[in-house]
Amino acid sequence: MGDFTHFNEQGKAKMVDVGDKPVSHRTAVAAASVKVNRETFRLIQSGGMKKGDVLTVAQIAGIMGAKKTWELIPMCHPIFLQGIDLNFHLEEKDYSIRIRASVKCDGKTGVEMEALTAVSVAALTVYDMCKAVQKDIEITDIRLLHKSGGVHGAFAREEGQE
Amino acid sequence: MGDFTHFNEQGKAKMVDVGDKPVSHRTAVAAASVKVNRETFRLIQSGGMKKGDVLTVAQIAGIMGAKKTWELIPMCHPIFLQGIDLNFHLEEKDYSIRIRASVKCDGKTGVEMEALTAVSVAALTVYDMCKAVQKDIEITDIRLLHKSGGVHGAFAREEGQE
Amino acid sequence: MGDFTHFNEQGKAKMVDVGDKPVSHRTAVAAASVKVNRETFRLIQSGGMKKGDVLTVAQIAGIMGAKKTWELIPMCHPIFLQGIDLNFHLEEKDYSIRIRASVKCDGKTGVEMEALTAVSVAALTVYDMCKAVQKDIEITDIRLLHKSGGVHGAFAREEGQE
Amino acid sequence: MGDFTHFNEQGKAKMVDVGDKPVSHRTAVAAASVKVNRETFRLIQSGGMKKGDVLTVAQIAGIMGAKKTWELIPMCHPIFLQGIDLNFHLEEKDYSIRIRASVKCDGKTGVEMEALTAVSVAALTVYDMCKAVQKDIEITDIRLLHKSGGVHGAFAREEGQE
Amino acid sequence: MGDFTHFNEQGKAKMVDVGDKPVSHRTAVAAASVKVNRETFRLIQSGGMKKGDVLTVAQIAGIMGAKKTWELIPMCHPIFLQGIDLNFHLEEKDYSIRIRASVKCDGKTGVEMEALTAVSVAALTVYDMCKAVQKDIEITDIRLLHKSGGVHGAFAREEGQE
Amino acid sequence: MGDFTHFNEQGKAKMVDVGDKPVSHRTAVAAASVKVNRETFRLIQSGGMKKGDVLTVAQIAGIMGAKKTWELIPMCHPIFLQGIDLNFHLEEKDYSIRIRASVKCDGKTGVEMEALTAVSVAALTVYDMCKAVQKDIEITDIRLLHKSGGVHGAFAREEGQE
């Protein structure tokens, strides 16, 4: 089993020195779900057409949030993100909004935290836009789906459904 | 059933005018869980003592993240937060880190998004600090537990376990 | 004629002390125009329906930008904005996108800079979204239309057309 | 005619993937004008000497604003700016302050938005510093003058006067 | 002797709840010194006239830095600063630049950290502007000079010279 | 003797163009001291064990502060920091907290300002955490200890004690 890398020899947090790592092309895909009730779900669905598009606001918030990852997560490195894309799927069977973010860069550190931050901020934005109509929304299943690049190579989460 | 409030008459997003709302004392408590495996769980537990304290970094990240809610969530109002506290519970039975954030302010808008952002950023920080030792960590159950203040009064989530 | 207020007795810039000013309800409305060519204008028009909605991105950017006014303009005070709304009008006769922002707060300083920053950031965002299809876009007519509140009272710009 | 590039296949905004673009040396020069009345113009002119230098504050605001472009414009990439310079010309004939910003970087994306943001923030700062003495200031003619680097090559705006 | 207030009952850092504190008028004055050699001192002195004004850049940086105190210092509350002023004195006898910042607000928490951050950022900016001509500059004597407002009343540092 | 480099030919501040500089591996080590009284010193010492760990908060603040250097210091370039580490030494003989920060990057500009900002923000955080128990804390001796990389080569401060 490995060991934490974000601490110095005195057991205090540090931003890991990645100076010796090679630059490689990095990608990461993360996901999150927002669980709402039937009424909220219908409002979000119809909103795209006429009442106001919750998901577009969340899309932009997710992109802008990913760019702020290094400001939010204390030990994250500043990164030159080269591309960020989010998509939203309205899952009828459990009234959930499924969010996915895909992030790319050429760099010395991975971009999984940027993808995870993108879906988290997008999910919080969906929550914010809907909280006036439902108080018990829940954000779940924030996780990494795929990752490529770097010395440790690719990772793909084993999942049934997604 | 209510309707979305964050959109103007053209169906475009706006920051809701709260000018006519009274100032009241607001509190909100939110929670999140980070699900890790047994090995990561043990490392976090022992880290507090000798290897580096993951939870202290997450604590500070959560507090600083709450103050940035208005920057992250597009339609959130800037707020004068008066107090933020987080606590972490290591739940042995499912190897999860349970995070709670409590936020207070006197203002015209609620502070639930600030509490939810605090636990989300804290959870992402736990993820970041542990991702070198485990790739399939999951963040779940981000939700509002309590809320008080404002014209709509108090809310308490009905929950079995927590 | 008045004199600059943003300088101290040594002629150096300062953030003006507004401690003695009364709190009052403040509003400001500002405007800007983005001048594009016929092709870009048509793309923006049709984009709302099927290709991607430039104006929605600009709307959100304008709202988020207004909240950052104090970070951008050196002598601006931090302000608790209470409401921000933008609207966009596609003016067929000169192929311009006319942007208006309305900002509100209860405070000791006016909110004209916040309204002006909102329209400026929204206009820059329209520019950014369209710059791949047209290189000579121009942003013009950034100005204050109305202002109320404060000891100096209301201001309304005399304009022919708008 | 081209098409918007900032949208994904679902017509939703994305941060364009520039991973395949080559790194090249980029420059961009943008301009803006602030139109004031004769009295404000004289105050700005004389202020440089004894009352407080409006343009120096605007100069610094423009430089700092350019560095924040990626935070303000939702689809802009974070960029390692390598140099930013602004200059101001007091144009007697129409009492305008003409602002120019020149921005440089080696990167995969152009820096025109950074140059345009620099002049916009500088112009807003001039407005802010002068708004106590004149209410109907106007910011106009925000535009790109030159651009070099990148696969599309150089651009130079055809202009009579500047 | 008192005890630290920034920790919760588990010994973890928190942002102190100031909800029960009364709003009062707060002021704080802080100071810092930048020690340079004779050559750098002369350059700064003459620069004001013809070569570029180091102190004006530092002045603006100090004001903007004070507004960011809550972002930099983890347990600081967001504050509505009402006024910030800095002044610089070139002390011939030890070739030091003496910086003072005065900060005001009406609020529930003091503004000493804002005044201390203002002088620190101003001092770092002087350092940055001069580091090409001198490598061993030193910033010293960052301290609070006065403070008023709040339940604990006024504080004034006993000092000989300043 | 050299000359200031941060000004353009009109004597106005600019962000220096580093486009022609070679990329090299850069390191910088900076230091600061926080002078407290015996009681505060003992509280900080014991706090690490049971009452709340001031230095851990300062450690994280220093790391996060270093990443914001380009936002705080007007003429600093945005930098991709590759590693940041801080350590704290409690110096019994003069009751001071000695802070050191080491920063690394591969780039066209040095990282001394990032190291100096790291120790400054860490020192301000120690001050903030202790100000409830002591009013006359002082931050001193902010200075560069070592620097390597870049065309001007290495620098090491000559010091007796440290």
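When the chains are written out, they are named A, B, C, D, E and F in that same order, and each has its own residue count from 1.
Note that a contact is a pair of C-beta atoms (placed from the backbone, for glycine too) under 8 Å apart; a residue touches a chain by one contact, two chains touch by 3 or more.
Just so we're clear, the structure is a prediction, and the values are computed from it rather than from any experiment.
Common neighbours of chain D and chain E under the contact rule above are C, F.
Interface equivalence for A-B, evaluated over E-F, A-C or D-E, points to E-F, where over half of the contact pairs coincide by residue number. With respect to chain E, maximal separation of chain centres occurs for A (centres as means of Cα atoms). Rounded to a multiple of 5, the Cα-based rotation taking chain A onto chain C is 180 degrees. As for how the two copies chain B and chain F face one another, over half of their interface residue numbers coincide.
With each centre defined as the average position of its C-alpha atoms, the distance from chain A to chain D rounds to 32 Å.
Taking each chain's centre as the average of its CA atoms, chain C and chain F sit 38 Å apart.
Each of the following residues of chain E touches two or more other chains: 12-13, 53, 56-57, 60-61, 64, 68, 71, 74-75, 78-80. By the contact rule set out at the top, the touching chain pairs are A-B, A-C, A-D, A-F, B-C, B-E, B-F, C-D, C-E, D-E, D-F, E-F. Within the complex formed with chain F, the residues of chain D that make contact are 25, 55-56, 59-60, 63-64, 67-68, 78-87, 104-106.
The part of chain A that touches chain F in the complex is made up of residues 8, 10, 12-19, 70-71, 74-75, 77-80, 107-108.
Those residues of chain B whose C-beta lies close enough to touch chain F in the complex are 53, 56-57, 60-61, 64. Of all the residues in chain D, the ones that touch chain C in their complex are 1-7, 11-13, 39, 43, 47, 50-54, 56-57, 60-61, 64-65, 68, 71-76, 112-113, 116-117, 120-121, 123-125, 127-133, 135-144, 147, 155, 157.
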